[in-house]
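Labels run A, B, C, D and E following the written order; every chain starts at residue 1.
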Amino acid sequence: MTPAKKLLSYSYYPGCSLHASAKEYDESTRGLFKALGIGLKEVPDWLCCGATPAHNVDELLSLSLCAKNLSLAEGVEGDLAVACAACFSRLKVTQHHLADNETKRKQVEYAIAGAVNLQKPVKHLLEILAKDFGLDRLTEAVQKPLSGLKVACYYGCLLTRPPEVPELDCVEAPTIMERVIGAVGAETVRWSHRMECCGANFTLSRPGVVLKLSGSILDSAKAAGADCLMVACPLCHGNLDIRQKEIEEATGERFGMPVFYMTQLLALAVGVAPGKLGFDSMIVNPLPLLKEKGLV
Amino acid sequence: MPKTITDQNLRLLIDALVAEGKRVVGPRAAGTMTLYAPLAKGEELNLGELPRRSAKETFFPLCETILTYERDKEGVRVTDVDPGTIPGTVLVAARPCDVAAAPVLDSVFSWDFKDEFFLERRRKTTIIGLACTRADDACFCTAVGLSPNDTKGSDLFLTPLTDGGYRCDAITEKGEALLATHASLFAEGDGTPAPLAEPSLGKLDLDRIKAWLDTHFEDPLWGEIAERCAGCGACAFLCPACHCFDIVDEGGETKGTRRKSWDACGFGKFTNHASGHNPRDVQPQRYRNRIMHKFKYYVDKFDQRLCTGCGRCIRACPVGIDIAEILSAIGTRDQEPGTGKD
Amino acid sequence: MSRIGVFVCHCGENIARTVDVEKVAAEAARLPGVAYATDYKYMCSDPGQNLLKNAVAEHRLDGIVVAACSPRMHEKTFRNAAKSAGLNPFLCEMANIREHCSWVHEDRDEATAKASDIVAMMVARVKKDKRLVPITVPVTKRALVIGGGIAGIQAALDIADAGHQVVLVEREPSIGGHMAQLSETFPTLDCSQCIMTPKMVDAANHPNITLHTYSEIESVDGYIGNFQITVRKKARSVIEEKCTGCGVCSAKCPQKKIPNAFDKNLGTRPAIYVPFPQAVPNTPVIDRANCTWFKTGKCGVCQKVCGPGAIDYEQEDRLIVEPVGAIVVATGFELYSITEKPKGSPIKGYGEFGHGTIPDVIDGLTFERLASASGPTGGKILRPSDGREPKQVVFVQCVGSRAREKGISYCSKICCMYTAKHTMLYKHKVHDGQAYVFFMDARTPGKSYDEFWRRAIEEEEAVYIRGMVSRLYQKGDKIVVMGSDVHVGVQVEIEADLVVLATAVQPRAGADTLAQKLGISYDSYHFYSEAHAKLKPVECATAGIYLAGACQGPKDIPDTVSQASAAAAKVMTLFAKDELEREPIVAKVNEKNCVACLYCKKVCPYGAVEEKEIRDRQGNLIRVVAYVNPGVCGGCGTCQASCPSKSVELDGYTDEQIMAMIEAL
Amino acid sequence: MTNTAQTIDPALYAAVTDAIRAEAKKVLEAGAAAAVVGWQAGRRQGTAMPAIITDPAKVAELIFSPACVNNLALYLSKAKKEIRARGRIAIVVKGCDLKALVGLMGENQLKREDLHVIGVVCAGVQRAGAAKDIPLSEETIAGKCRECTVHTPEGADVTVGTLPDLPHFTPVESEELSRLEAMTPAQRWSFWKEHFARCIRCYACRQVCPFCYCEQCLCDRNRPQAVETTPRPAGNMAWHIVRAMHLAGRCAGCAECERVCPMDIPLNLLNRKMAKELKELYGHEAGFEVKEKGPLAQYREDDDQSFIK
Amino acid sequence: MHAHKENHAFEPKIVAFVCTWCTYAGADLAGTARLQYPANTRVVKFPCTGRIDPVFILRAFQKGADGVLVSGCHPGDCHYMAGNFHARRRFAAFRALLDFIGVDLNRLQFSWVSAAEGGKWVEVATELTERVRAMGPMREFRELETEEQWSGAIDTPELQAAYEAIP
């Protein structure tokens, strides 16, 4: 007996990147959810989550930013859907941290002049797709299976860590990305650097570090036979896609590896028009690959 | 010549008595029920329903202190409570089935041992009875030889009139005195008595019941009844005539209080000896005692019965034991001496 | 009226400085039932005790309150004095007016008033004290040792040498335990089997030792001095009495490809096998799950080739009841595995190390088998994946240990030393190889231990890198080890041929089940709990049960052997008497009032409560009541607090005694 | 008012009565039970009382009606040994009564195999002191029945009756509980003080409780005296605290204590409160399965201890 | 040399029910270390918190305690393995009951004090004493002790009130 299909609906926190450099992540997320019939309502007037730098500088500020966002989200029905791995991490860390620390919670509540909403479930898109929506339903929704496309799923540092906080999947050996993209027919490769750091925001201060770290990620994905990388984080995307040319120059190795946001691939599979998925804003042109695989 | 009193004046009478320093006890609303309790003013009198507990506590309190003691190296010092300090009391608007029990209890409390606590209360109390106009299916005063307007035990007796107010009949000198002291509140005259209550149970043949009890100390009936009995004291504690009490010392080695409080023959520990032996070890023996005491032993000793048909035990019994039903059954039983064992 | 004597001690100035002792004695004298009250400078001194003894006789005292220091200090002293004065010692109580009064209050009036109150409370109590008589229980001078590793063998040999019968129960087909698997032992590098096998043989041949191998504890009943143990002797399919251990059956068994667990599955064994050549007893066992006869009903080769006719396919498990007086638990440990754990498990696996899927990432015990001369490679260090000799070996310490995020926060104690040993063994066997060790701290507190570790670094050239390993992954035929060197402050990557993980020492799976059978307690990891961390490190809180070896916590061999001998000594102490005497602070059931709701039984931490049938003279069951076995009762009184009708009372702490104290407030 | 939406269809009780009689006859005739414990009509119209029937010819005395308030489990507890002595007993139980039986089994007072349990589907019984009108309505139904979750007993040997559509009743017990919880401690104290002051220590609450089967009640003990036996406010308070504590985790909520109280003390509120606390603290609910250990006879190492410093 | 001692109008009676192995020993340690605390506590020693019947707490309040302290070994440290675990549940239930009856739980303190925690003993005893001192006497139970049923009272409060109400 199949349970009656629930009408899912979420409040949505896009975060800064998705309104700027990662517009295609935002567009493809909206496209995907629309195609799947999942409601998505953006939290009004949201603030920056503080991302990775803020908490290194001012912990109270970083917690307060997220706390404020959580309290804004209170006004919008549904669990809070988050696409960006960094935003997701910050929101989860804030809830986790403030639940355990009354003193800090009171400080934060003073700062935002209101109560912290520790109850609102904050969910990454992966979680929504794999758990709430369900992989079977995702498979049912496929119109253009991604068969033949070999994808290296790249988690980066933030999606599953630190332990006990996001509780998205196994902290060090997750499979949720593989399961989700596998559900729409893509082939996933076993590779070593799924969880390694891309260098994140050293991209501006110490680009050399980024070239090395992101380089080994690309290298490892290529060695595993991947056609492309799939990410869930605008920072990772920036380093792996935008800096790919630089990395190639530095290492002398050519990768030509398109770096997709997970939603781009998923949306493509469920029939969203490729034109709406922002492929044109990617630095490494994905169209030759997609054409070769007969996906566009 | 009878007198009458209006409801309003009855309440003023209470106020006047309180003002004299009397303790006035009468039906008063208490949460979900009515109880006999001290009235601070006439307004508190609540005549709507039969009080849940009988009026016996006016003379035979739920719990009273007899003495206090202190003990040290030098010995024990006992301070007796002086019954003389018991306040003068007027019991107002008590039902005939409650009032009728008072003279019955006099017999036992003034028998071989004079219970000064009881007797002093009796002496200091004036009872104003009130004829009963409402019966329910548990009432059976008429079945045990009383009536809804029985004046037995009352000093002054009120009979409700159809047009409100009461006819007042002085039954004793105490009653006369009360009428005289507060003459202004009473009017001369008579009135049409309101219809009396009509309990449904027919008259019981109490002599026949007594005769059966005389010969049926052992009988299967006791087992049959008591199999159901849960062994609580609700019947005895609500009964206007049950008067068993326990005396306990509460407190410690160096100081404490000796108190007298109600006891009930239904309790498992009733008559339990210090040795641990209990002559009434099982519930049938205890239930038998309840019936025997009321309808045989007390009759043998004082030619009185410890039941006024108020029906409280029937209403309160957690397991539906119905004394009227049992008495009816006994009344129709074979009179041959019992051979059964309980 | 009681005749109580009150003795108020000055304790020199310790009490008298803040408490007006004369006033306390004077007030006590006024209490009803006090026949005599006095104060004295030092009650615990000989003259003080004589004062007490004389007063008992002179004033015919039937109870004593000594108002002095804590009963934890001198209760025994004064009870003994009371006893020698002819008074039951349990009619003597102490009022603690020193630790609980004079030492903690400065105001003289307040302290004096409080001291008087305390004395009054104890006077009230002592009046309700009952004469108690010590309890004796007989002792069965026969011991059970559970576990046939080095701990169990040592304990069994010690007890047996003292002349007592020992029943030694081992789960595996052979005794020997982990020590039989080791190659060399630190810090002396002597061959483990060379020192272990003689002990195994001694145990097997000892006239006082009954050996049950391939056996498990089915149930435990009884109490100190009087246990009834049921042992399940699993069906070996080989009749032990007939088998000569010739080995023909194993040699002829057509089924030979079964991974050998003793060799950490590096080698194989037949379906009828002894786990290793030096096994004791040298009697094979048929692995029914893998035996062709048991799977298909065909084959029967072993039966055909067995000269003495020792093969019995029909054999069934047997239950043997062994009466014993003491139990030594020596069930040892097992190694933590990095594999993925079920969701919700408190202990996590190592996804970052590949969850155990990389073949050349092995644990320390596997390395022992590789290094062992009698192991599957004949002592050559060869990689499991391709049999090549590894030239770069990375050892990772604290895998699972001291790793709160993985659910284990304790130190496994032995890994620092055995890893140092491994680097040496490796270097001895692969001269051109390089060993790297990632470590947090080197913990080498033991005789010659630190020297040994220094030698690994200084002479055997192991490279020790202080830092954690964050990730392992296979790259081609190498394993990339990513870690940090916190001394230098850099990230380190090593391409290794073999990685050896020093995984945590854990209690045996099922340790909790055995503990529940024994009625002993265990910690959240299921290590067994000793009665006191310092002063009773060998005893369990359950009387008559003792601990030896790593079942209590990670231990190396010398510690294990020491504790085993200590446990044996404890057993011998117990066996030195024919009867046990113990303080009679035990619970008793009032059978008249007990209705056998058995709340007492449900809460008793000792399993001391039994159901007792009360029968009439014809033997008809009248009713069932609870019964507290005084030999087993620990005296906590949880039963009484739980008993709705207070039909069970703890002697020495009865409701009357407590209520009297509250009343006296 | 005969609006079916607001009253309970009395047909259920008649059907159940027939079925009880048939089953009782069957088990007595077959010798499967020595006695049937059920209810019979009282002398007064619309009343009922416990019945112990041993003769198959007398099964017609058995009834089921909204007056069948008694929890008959009482008659199987140790307090009523003489009934158990008869042999295997068949007992008629409502869903709420069955919970008490289950509890008694967990406390070793009963063995399932010694019983033949005749479960009756029950739509509700009368409130104490209510008019004996039929059908039952919001006016006359017992408080516990308004929030009943066990109309149909689970696990009886035979279950008779079909549950009719029930009107929606507003809960009163849980509302009263919330009302008290919302009070200040001082308000609650005066609430209970007033109620307990009225207590006459008739012990009806104790005597009808299936779980008060102690041979010697703690409160009857005099050496030492833990609770004063005299019906003064002090002893009454202590008695009711001890009673509630002793029933904590055991009380299955039949509310008999409250029903039988001649002084109308809302005793079941205390029991409900304890049940609620133990459910919140330890996830325990009494009476749904035979449990060897109640919540206060076991522990978890990680039990809440936020109240302990 | 003595610390300045304040005089309080009200000195509460605090009864401490403690286990012998941990808290009693902890209180001993406080003594050995000469730590100072208010002299209001009276200790009743039990083998184990598992032995402490809620009735004792009730009784202490009835007999005039203004505050009650119950203290034993930390979880896992019980000399009897599990007595304190059982006690913990029992007390969790009992304090919920007292709260529901209307007893102010600020008068009832539970704690774990080990044999090594002399300081904690002092802290717990001092805190409770000071808190209860600020709350004033435990009126509720004491008043009950003096109250009588109207019928048994020689001079009932109701009667008194009635007399006073009359001009």
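Operating definition for what follows: a contact is a pair of C-beta atoms (placed from the backbone, for glycine too) under 8 Å apart; a residue touches a chain by one contact, two chains touch by 3 or more.
What you see is a predicted model, and the numbers here were worked out from it, not measured in a lab.
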item: Chain B and chain A - chains in contact with each; value: C
item: Set of chains adjacent to chain A and to chain D; value: C
item: Most distant chain from chain A, judged by the mean position of its C-alpha atoms; value: B
item: Pair joined by the larger number of C-beta contacts - A-C, B-D; value: B-D
item: Centre-to-centre distance between chain E and chain A (centres being mean Cα positions), rounded to whole Å; value: 57
item: Where chain C and chain E are represented by their mean Cα positions, the distance between them in whole Å; value: 38
item: Chain centre separation (chain B, chain C; CA means) in Å; value: 69
item: Per-residue overlap in chain C, given as positions that touch at least 2 other chains; value: 592, 603, 642, 655, 659-660, 663
item: Touching two or more other chains - residues of chain D; value: 218, 225-226, 231-232, 296-298, 301
item: Of all residues in chain B, the ones touching two or more other chains; value: 62-63
item: Listing of all chain pairs that touch each other, if any do; value: A-C, B-C, B-D, B-E, C-D, C-E, D-E
item: Touching residues (chain side chain D, partner chain E) in the complex; value: 180-181, 183, 185-193, 197, 218, 226-227, 231-234, 237-238, 241-242, 244-245, 248-249, 270, 273-274, 277-278, 281-282, 295-301, 303-305, 307-309
item: Interfacial residue positions of chain C with respect to chain A in the complex; value: 340, 348-352, 354-355, 405, 471, 473-475, 480
item: Residues on chain D engaged by chain B in the complex (per definition of touch); value: 42-45, 47-52, 70, 74, 79, 82-83, 194-195, 198, 200-204, 206-208, 220, 222, 225, 228-232, 235, 256, 259-260, 262-264
item: Residue ranges of chain C touching chain B (in the complex, touch as defined); value: 29-34, 124, 127, 592, 660, 663-664
item: In the complex, chain C residues that touch chain D; value: 524, 592-599, 602-603, 624, 642, 644-647, 655-656, 659-660
